[in-house]
Amino acid sequence: MNEFLTHYAFLIIPIVKIAILVFIVLTVDAYLTWIERKVIAHIQARWGPHRVGPHGLLQPLADGVKFIFKEDPLPASVDKVAYFLAPFITLMLALTSLAVIPFGPQHFTVFGYETGISIAEVNISLLVLFAITALSVYGVALAGWASNSKYSLLGGLRSSAQMVSYELALTLSVVGVLLIAGDFSLRTIVVQQGVKGNGLLSWNIFPQIIGFICFFIAAIAETNRVPFDLPEAESELVAGFHTEYASMKFAMFFIAEYTSMITVSCLATILFFGGWLSPFPASWAFTQYLPSVLLIPFGLWVIFDGIRYENLFGRMVLPVVGAVMAAIGFGLIVFPVVNDAIQGIFWFLAKVFTFLFVYIWMRGTLPRFRYDQLMSFGWKFLLPVSIANVVLTSVVILWRMH
Amino acid sequence: MTAPLVIFFVLAAVAVFGAISLIVQKHPIHSALSLILVMVALAGLYLLMGAEFVAAVQIIVYGGAIMVLFIFVIMLLNAGEEERTNFSKLAMYAGVPLAVAMTGLIAAAIVGSNAAMPARAPETLTSTRQLSTLLFQEFVYPFELTSFLILVAILGAIVLAQREN
Amino acid sequence: MVPTSYYVLLSAILFGLGIVTFVFKRNIITIFMGIELMLNAVNLAFVAFSQSFGKPDGEVFVLFVIIVAAAEAAVGLGIIILTARNRKSLNVERVDLLKL
Amino acid sequence: MPILEHLWIIPLLPLLGSAINGLLGWRWPKDLVNWVALGSTGLSFLCALEAVREFFESGQKFFRKEFFDWIVAGSFRAGFDLQFDQLTVVMVLVVTGVGFLIHIYSTGYMAHEGGYYRFFSYLNLFMFFMLTLVLAANYALLFVGWEGVGLCSYLLIGFWFLKKSATDAGKKAMIVNRIGDFGFMLGMFLLFRAFGSLDFQTVFAKASTWQPEAMGQLGTITIACLLLFVGAIGKSAQIPLYVWLPDAMEGPTPVSALIHAATMVTAGVYVVARSKVLFLQAPTAMYVVAIIGCATAFFAATIGLVQSDIKKVLAYSTVSQLGYMFLGCGVGAFSAGIFHLMTHAFFKALLFLSAGSVIHAMGGEQDMWNMGGLASKIKVTFWCMLFGTIAIAGFFPFAAFFSKDAILFAAFNSENGGKALYAIGLLAAVLTSFYMFRLIWLTFFTQQRYDEHHVHVHESPLNMTSPLMILALLSLTGGWLALPALLGGKDYFSEFMAPALGSGEVTGIENAHSLELTLSGVAMAAAIVGLVVAWRMYAKDVKRGKSEGLHKVLYNKYYVDELYHALVVGPLVWLSQNVLWKVVDVGVIDGAVNGVASGATAVGDTVRHTQSGNTRSYAVWVLVGAVVLFGIIFWPILHPVVFGGTR
């Protein structure tokens, strides 16, 4: 048994990791919808979901069930192959793109197979990422074309055009970082940001502020989010390329969108915000207790909030959740080894969630672009600026060399 | 039958399948999809050979740009299935046999020169760095020329595609 | 350890299929795809040789080929759009003014 | 700057002048054209002087330099190589000096002509080619100059291209010269065949090692020499190709003076002298040269006796003088020949220019029978002309006395038939002095036979007379280089020429000096005889008598032109019309061309069906080509695979 494992470790371990990652990501996606609705609701002074489960915590489950059991009509005279292919491509690519992202610094050995906290360690992981992003156009385009409907076709054309145009800006805005790091490997980029050990001062965000702005805008456009969500501009063309899709296929597009949000956030974190690195200088040892310091009070507050929740179910569930949180917090203090282990992941996730929050925030606040505005912005502003950024960076680097 | 050989055969089969379906498909979109399939398979082969940068570029440019253009144009012109006209008897009768003959010739040449061909060197990763050094030192002039070429192409495309008014 | 000749043979086959596409299909766009297929086949041979000779020059050539292909696609598709607009058809056999 | 190192400057200057005048001159005032023309020639004259000075400074050692390759093909090399030796010194000085004087003269003579710039452009061009000819160090380059001067003479004879006679004369000169040039080219080819080179040095060096050919033997060298001599005959207007020179008098008088008296026509003599080494190897050729020269000298003189056109007289005298030069070369006295060439250049140029001055004075009248009694009206011209006449007639101490004397002396002493040659030469001398003095009397004395009211005689301007005087002086003193020879000393000229031509000294005869004195006396007597006869016949008033008998024959130049026309021109024209034109051109050439055209059309008609306009079929055609090409290219690899051979 054991030597079987060791023999096929190279096959088994990645599969396991993939399973875990997919599970986590899907869950996060689900609860991302919850968070989004909550946040926007509060921005708009509403309650948001609060019927299903305490604070509507079970809403995502309900949605999932609904998606699965909903009827799935096939519109007349669609191009079947493409129609079915499109959502699969989209989701598959969205998930695949996560494969090259390193979530943490650690390397550990299982059954004599040395691996890290990421599915694939590729030297040119960034390029791979972009390659996958580039392919993700097809999902949208095919969906729009296949489902043989004016709205969809327009939506598909629009969004594929948008994606192609902003992909340029996206790629170019990263070149600055590449020039600094001198390597395509995301891991190297992160490590190289932490070399000096003086916390967030050595992150790429400071030299590459312009690049970051371009990157973030382009990224939002890539993921078809507000204010660039023209493809599914309800008011104009119902729901754009996925007008004709229902139930699980629609869900795939949905999940794909949120997944790519996550991917982009991870990318931003890695490229500009030092990935899993702590923002504090290495010398400040006490900052490693930050997770506990956050978890314990929050857990306590959840308990407190749970005791006087309106319905019984909430009064039963919420304190338990809070207790668990607090327990984990205490556990981290008690077992420093574990604490050290989770530091990287903690910071990584913290940053990623910050970005996700920004996403939602923007959706809550910003209006939508007009199509011509979108195009002219992308080609006449974003592209030139990012090119200028590249030139500037290279000049500075050359000047540093001599 | 080592692992690389297996992967090679799988990918090669995929590529050939894609190429054939590119021919037999009636609708241009499907042909385009098959061609994309071929390209992805080729990218996989490049990776297998250890030319990872080329593989990435293959996907990004061919997959992400060129084929998107194709699909775009197809959608734009709303091209339907191709009509089966056969005005050219020559193409009808001589075309395919000749193509086969060509392939046969090339294959024969390869088999014949097999001795001259180096046995496969072990898959060594071509580091992007050494590739870029080559590109920006030895081949810098061609490289600059290509930039001109692309500029010209852009202008030409704009001039061609804009509606004259 | 895959012998180089396998790669080259594969590229030969793909090239031949490209030729077939070129002479067999009637839709201009598809014919154009045939050309792209041939280019890809050549690229494959390039990479195979450069790898087996242990020299990256071949891969540089591949990059050039890809660049040229991109330019070609831009212009070619522009031409195709024009043709389709003027003759209301994508069938090359309906575009036969190139004669006495 | 050492000119000798940059010899190319000497010919280049006139070329520049010609180019400038020819391209820009048409919009320029005459003065500017003059400045360019005279400047270029004068400058090249000065350069020549400087070169000569350096040549003497360097102790007269043979100078040769290759400036650049012109033709290089296999073992054959013809370069722009110039050389400089004693012979060149004489030629260059004569060409540039006399040429310069004549340029000056022309500014006056042509003052009222149209195409002024054109004239000077041609003249400079001629200077360029002539200098190339005399400076050339190989036959090929020499031939360039040879052809060039031919071209210029054609252009200048036909200068008044509105006059049919002028253009005809030009064509005649060109065509007749072609015959000679053909011979010359054959000679060159033969030389190259024999010696594998055309450089003078190489050819002569190799030739001198060969066994000298016996009298009457037709060896390679003899044939080569004869062929070269054919060229010389053409250029220097000897029997039988002399016919073009008298007609060439249609050109402006300065042209006649420069080209058809002083320089170009002497090119033949120059070539013979230059190829001395070869000729010495071929006694037969030498003998032929001598005979032809002698015959021409006499023959032309006889024609000259009765001509009425003043320029024609001079033309025939030129021919006969050239005959003398060839006679000199023929009997081995090359230096004497060249010497006569130089002196002749002086006095004949002088005579022509004076004649031109007379014509100028008479307002274009050339017939001596319409002149007379001009001596008092145009004194300067008269005196200059008289000087020239005395010189050519060979009175002591004028130029021709020495040169002609040297030639005759050499002829007298040459073996096999020397005496006969001498006798004919002497007779020719008598005739010479006769027709020259006839010219003097008819022109300047006797009653005037023209109408005062139409022609008002006037002396020429200074820019015409001054060259006359200079030339007169030269033709007086030109011969004195050989003066000491007469007084028992040595002949400076032949001494000087010795390295290039070998001394003209005749050896192996006892008391050569006394013999020479007696011969000189005889020559002098001959001249006097001519003078007296002329005086007896023309001193009293004369009128044009009707010519019959021998006079008629002479007056019509022995009907040579008519003969040539009947024998050569007529058949040629007939052939060209009835065979070459009607059969060859129309039938064969046009037929072939039209046949090809119609064939192409037919083929196109059949093949064009492959052009269906269908792109796919085009693609298939391309494919066919690709397959075939691939098969051909990779055949060596494919062969074993296809036919299962072992590899």
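For clarity, chains are labelled A, B, C and D in written order, and residue numbers in each chain start from 1.
As a working rule, a contact is a pair of C-beta atoms (placed from the backbone, for glycine too) under 8 Å apart; a residue touches a chain by one contact, two chains touch by 3 or more.
Here the structure is a predicted model, which means the values were calculated and not measured.
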More contacts between chains, B-C or A-B: B-C
Chain whose Cα mean lies nearest the overall Cα mean: C
Mean-CA-position distance for subunit D and subunit A (Å): 102
Whole-Å separation of chain centres (CA-atom averages), subunit A against subunit B: 32
Whole-Å gap separating subunit A and subunit C, where each centre is the average of the chain's CA atoms: 37
Cα-centroid distance, subunit B relative to subunit C, in whole angstrom: 6
Contacts with two or more other chains, residues of subunit B listed in rising order: 53, 57, 65, 76, 87-88, 91, 95, 98-99, 102, 106, 111
For subunit C, residues contacting two or more additional chains: 19, 23, 26, 93, 96
Residues of subunit D touching at least two other chains: 612, 614, 616, 619-620, 623
Chains touching one another, given as label pairs in label order: A-B, B-C, B-D, C-D
Residue ranges of subunit B in contact with subunit A within the complex: 27, 29-30, 33, 36, 43, 52-53, 56-57, 59-60, 63-65, 68, 71-72, 75-76, 125, 127-128
Subunit C to subunit D touching residues, read off their complex: 19, 22-23, 26, 92-93, 95-100
Subunit C-touching residues of subunit B, taken from the complex the two chains share: 2, 4-5, 8, 12, 15-16, 19-20, 22-23, 28, 31-32, 35, 38-39, 42, 45-46, 48-51, 53-54, 57-58, 61-62, 65-66, 69-70, 73-74, 76-77, 79, 82-88, 91, 95-96, 98-100, 102-103, 106-107, 110-111, 114, 117-124, 126, 130-131, 134-135, 138-139, 142-143, 146, 149-150, 152-154, 156-161
For the subunit C and subunit B complex, residues of the former touching the latter: 1-10, 12-21, 23-27, 29-30, 32-34, 36-37, 40, 43-44, 47-48, 50-54, 56-57, 59-60, 62-64, 66-75, 77-82, 84, 90-91, 93-94, 96
Contact footprint of subunit B on subunit A as seen in their complex: 79, 81-82, 85, 122-124, 127-128, 130-135, 137-138, 141-142, 144-145, 153, 156-157, 160-161, 164, 167, 184
